[in-house]
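Report on the following structure.
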Amino acid sequence: MTLKYESVSLEDARRIIAAGEAKAGEIGQPSNIAVVDVGGNLVAHVRMDGAWIGSVDISINKAFTSRAFDITTADLGVNACPGAQFFGINVSNGGRVMIFAGGVPLRLGDRVVGAVGVSGGSGEQDQTVADAASAAF
Amino acid sequence: MTLKYESVSLEDARRIIAAGEAKAGEIGQPSNIAVVDVGGNLVAHVRMDGAWIGSVDISINKAFTSRAFDITTADLGVNACPGAQFFGINVSNGGRVMIFAGGVPLRLGDRVVGAVGVSGGSGEQDQTVADAASAAF
Amino acid sequence: MTLKYESVSLEDARRIIAAGEAKAGEIGQPSNIAVVDVGGNLVAHVRMDGAWIGSVDISINKAFTSRAFDITTADLGVNACPGAQFFGINVSNGGRVMIFAGGVPLRLGDRVVGAVGVSGGSGEQDQTVADAASAAF
Amino acid sequence: MTLKYESVSLEDARRIIAAGEAKAGEIGQPSNIAVVDVGGNLVAHVRMDGAWIGSVDISINKAFTSRAFDITTADLGVNACPGAQFFGINVSNGGRVMIFAGGVPLRLGDRVVGAVGVSGGSGEQDQTVADAASAAF
């Protein structure tokens, strides 16, 4: 018996990214914003003019991480501190696991069907943009 | 509007692998057999006793490749020869793209919902085992 | 005396990608389309619904390659065949050098200011989509 | 004089995984479960339906780690905290060393002949499943 999944579409990803860009503009912090699908694979990415080039990879992998473990990267980060239950998880998966704020799962009911990742500013700014983005889903 | 996917389950993967093992036993070639889901992520893997340890990675990545491009790895290989349209594709995706026989997509109608990868013997043997495995889906 | 660069903006990248998507739709081949800037760093990427997941990496790296060497990936491919002057170049740069059709530099006069990469169909289809995309710059 | 090794077989691995699955079902936590042999190479892996895709890599590498150092990953983790004797070990071996609970060596007398790795839930859940799995050896 096969499994049935739903996943974000490119249209969904664009709406999510647009909402993130609007918020990033509002707070004056150019950002990278990425959306992955239910399988953790990239659907769309934008780097706003002036945003960090090192954040391309981070935004994509924050999104990957939030889908890979169905959790915000901020929450995963709390569990990845020295002494916490997942300390060291960030070297797994070929270095793709990001453990600081900015990755948020995209949910339909209780199912995760993709994720958004934001990188470009402080942790607080990234989380603010990611929350605005995911709210548009 | 979200997308809807179907994907192989663990139960499917086990049936597929069992059929591959039976065929591998029949032709006397211990093999690695792996199944990935619609997102290209591993569902299950077995290495039969005596099968090559270098083929763990190859079997998993043949399955990944067949789902990543919805094609058998044998057919992709023809297109990846010097002068052909995809020459050089095998260094993409971090070295995960396998371009020799043994990877086969798993289809429901015209949709690819996963893939199986086999490695352990000659190209012909791997293909024979992969065909037997995928036929059990 | 410092250097001065011009580069594609996110607005440029979106126009280029939109033209590529239109062409991909016209020829019925869902594609991954990516644009990099003058520094070879990703500006934007889209995966059209149904496009291969293995082509995410390839589209981004075709764009990288075309900017990295200021050449189409098709032309680089001719030089990367066995016996040609750049045979083996595709294992440099950590596997990011793509040597088959679909990457095209973006030029202002004689200066390369970015590049577009397309992956999703045959080499001919990818080139067709990349040509349409770059023409919109 | 050559060395003689004993190692888990595929039949052993299946029995170990089945016991892990039963326990994971009992505690309601879909898990990835992997077994490696005396050489640290994968023998078998399963991802239960609904288990995290990011845990494929982690389960395999928890098993690798437990055989690579003949220790549980929980115990290694204590030694890998800041200030402890192995702090930083987790970036060795290409990022394959996991330092949180869920990896357990498989022993015959005082010899380690393989290992099991579990990933999918909390550290406590992963350890519970791994203990149940290894007890079936």
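Residue numbering begins at 1 within each chain, and the chains themselves are lettered A, B, C and D in the order written.
Here is the rule we use: a contact is a pair of C-beta atoms (placed from the backbone, for glycine too) under 8 Å apart; a residue touches a chain by one contact, two chains touch by 3 or more.
Protein names from UniProt, one per chain: A, B, C, D = ATP--cob(I)alamin adenosyltransferase.
Since the model is a prediction, treat every value here as computed from it, not as a measurement.
Between chain A and chain C the centroid-to-centroid distance comes to 25 Å (mean Cα coordinates, whole Å). Rounded to a whole number, the gap between the C-alpha centres of chain A and chain D is 29 angstrom. Spacing of chain C relative to chain D, judged by their CA centroids, is 42 angstrom. Counting partner chains per residue, chain D has residues 49, 53 touching two or more of them. With chains as nodes and touching pairs as edges, the resulting graph is of another kind, matching none of line, ring, star or complete. Those chain pairs judged to touch are A-B, A-C, A-D, B-C, B-D.
Against chain B, in their complex, chain D makes its touches with residues 9-11, 13, 39, 41-49, 53, 56.
Within the complex, the chain D residues that touch chain A are 49, 52-55, 57-58, 61, 77, 80-82, 90-91, 95, 97-101, 122-124. Touching chain C in their complex are the following residues of chain B: 3, 39-40, 64-65, 67-70, 82-83, 85-89, 91-95, 97. Contact residues of chain B toward chain A in the complex are 1-9, 11-12, 37-41, 94, 108, 113.
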